[in-house]
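Naming follows writing order (A, B, C and D), and every chain is counted from residue 1.
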Amino acid sequence: MIDSIVGTIQEVFNNYVILNYNNIYIKIFCNSTKFSEFLGKEKRVYVSLKFNENLSELECYGFLTREERELFLKLQKVTGVGSKLALQILSSIDYQQLIVEIAKGNVARLEKVKGIGKKTASRIILELKETLKKEFKVASTSGTEEKTYEKLEEISLALLSLGYEIDEINQVLSSEDFSELSLEDGIKLALKKLSKI
Amino acid sequence: MIDSIVGTIQEVFNNYVILNYNNIYIKIFCNSTKFSEFLGKEKRVYVSLKFNENLSELECYGFLTREERELFLKLQKVTGVGSKLALQILSSIDYQQLIVEIAKGNVARLEKVKGIGKKTASRIILELKETLKKEFKVASTSGTEEKTYEKLEEISLALLSLGYEIDEINQVLSSEDFSELSLEDGIKLALKKLSKI
Amino acid sequence: MIDSIVGTIQEVFNNYVILNYNNIYIKIFCNSTKFSEFLGKEKRVYVSLKFNENLSELECYGFLTREERELFLKLQKVTGVGSKLALQILSSIDYQQLIVEIAKGNVARLEKVKGIGKKTASRIILELKETLKKEFKVASTSGTEEKTYEKLEEISLALLSLGYEIDEINQVLSSEDFSELSLEDGIKLALKKLSKI
Amino acid sequence: MIDSIVGTIQEVFNNYVILNYNNIYIKIFCNSTKFSEFLGKEKRVYVSLKFNENLSELECYGFLTREERELFLKLQKVTGVGSKLALQILSSIDYQQLIVEIAKGNVARLEKVKGIGKKTASRIILELKETLKKEFKVASTSGTEEKTYEKLEEISLALLSLGYEIDEINQVLSSEDFSELSLEDGIKLALKKLSKI
């Protein structure tokens, strides 16, 4: 029901912060390293509420962007990944980089996250790879052959790892014809277009 | 417990909007086409909170009038109609028109709604027709013969499809004697009276 | 957790009102006749939240005094009396008068309430009479003989039916010696003392 | 989810207070003797929400410091100690003194609390002694021999019973070498350092 809350980042702890919303201090589990940059500042936090059966308590997880929260929700659809482990993954790998690693099927990179073994890493990739690749919807629907599709996918992954948002990338890739360009020229063209958005 | 909330329609998505209530951003499932007219504006939204067992999350459904919300609640009393399907129906047919179609027993019209087959359409009509017709309480309690009752019902349905509220219609139909008038003259008289309310 | 809420009585319906608390409109089941006196005014409402299993919805019951709410909670401890019936009783008999009728064991008076038969009326009196009489704690602890105890009880019931609060009554009855006075003189003395509080 | 709330202590009752937060009056079970010092004043209250199955009601427990609330949560992990008994203990023994008594294994002192028998007192000490002693983490990790460890522990307990916070004590004990000092000189040195924090 609650999408996000605007409040002041009041205190930073190991894996949570205290957000002051109108004198109600809310404990938000999050990537506290990222949040600590905003200590004392007002911030819109995208939240996800979970009922913790063991502690019979409502817990709040927070993210600085909607996309990161959506990935947090997607990660928990993978068997064996609960909210704490999903947060652990997102606190170890930046969410845009994480999309790239999953889309590339990079098990080894995921295994570096504390609490993630080979089995869970492989399951994450198995269950999320296609879902995340569908997010690069422009590539699959423009009916280009398999080769151009893969090139567009490579370009998307490169742009993602440079920190661009999926929506921006889709917008650029659907506004130009990349079929005749090399991977390198394709990335250059895309970066030029992105700089004008 | 919560009847309605006044907030600013902040963002519009496919089947939900984000309502900003004092810096708490609330995700409200609704007829987003209708709500999009009020993007950026302050609006009172009549809500219904549902606990989604699958997502173990509290969900909020919103409507611009109390009557539409009441119809949303009534639709869910029909076997096989949950909150999402009820919202789908109300997003496809304006609620006042929907009352008319149900009161007329118009299965074909309901079947046009995505996700509604003949069986569900018939069940909606079977289970709600009498309840909704009782809302035209003036017609049934004034002890007039069956013929005038049907004429008053026709007049009510016509006025409803023109967008008048049930309460206004009841007020007008109980303030005049329509038994001697033709259907056409009855509608004309009612419209004249409604213009003075 | 929530004891009471201060808001504006915005709308009055059959057995509930809508309270506007900072643009959140709360549906409160209550004695709407009593509440309607405060339509448009700001009022502190003492609440009791109940989860309605059938509607899987949180419901809010409201009262203008803490004592009335406490009696509402006590009534529900009687087998067969749920929140709606408890509210029905309190909407039919003013709560101070209700304490008097229960303390006197007046089954006939309770039976006049819609939905209350002889069995439930007797059970209410059986289960609550002693609890409510204990509220006149001054009478039972001052070690006076049975006769004075009954007289003090009579005086308390009379003062309650005149609308005085239990705390005020206790304060007065424990500050004077009523053992030598007739019932009538006792009530006169108590009224004189109450007028000075 | 809610860490703490800032509001005005509006009313004090036997084992709870009413906190006014923006015209929502919240019933908070607490050490009302301690809270009564702040009647009418604005205070930040550290809370813990518990669902009371018998009353099917959400209950709020409140504390003036985060440390006291943490101890309240720890007490409830001991078999047979629920929220009401944990609050009873903390209302009878100041939380810093309670840590000292548990760390010292003082069953007799705990038995003085209403509702605590020998069995529960022993279980509290058995299950919490090591956890609480770990809070004096400086003592156990600095690799000093058993004798100095015990001396540091004694100094910590003494400082705790004088009302100093665990964090302050840890800070002082890790900034000096106490191994060569007598218990008495160690306490004097620590007090001198604490006065400068």
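Just so we're on the same page, contacts are C-beta pairs under 8 Å (C-beta built on N, C-alpha and C of every residue); 3 or more make two chains touch, one makes a residue touch a chain.
Just so it is clear, the model here is predicted, and its values are computed rather than measured.
Peer 1: Give the fewest steps needed to get from chain A to chain C, where each step moves from one chain to a chain it touches.
Peer 2: 2
Peer 1: Using mean CA coordinates as chain centres, what's the gap between chain C and chain D in Å?
Peer 2: Result: the chain centres lie 40 Å from each other.
Peer 1: What whole-number Å value describes the gap between the mean CA coordinates of chain B and chain D?
Peer 2: Going by mean C-alpha positions, chain B sits 57 Å from chain D.
Peer 1: Could you pull out the residues of chain A that touch at least 2 other chains?
Peer 2: Those would be 22, 49.
Peer 1: What topology does the chain touch graph have (line, ring, star, complete, other)?
Peer 2: Contact pattern: a closed ring, each chain touching exactly two others.
Peer 1: Touching chain D in the complex: which residues of chain C?
Peer 2: Residues 1-7, 21-22, 44, 49-51.
Peer 1: Can you check the complex and tell me which residues of chain B touch chain A?
Peer 2: 18, 22-27, 49, 56-60
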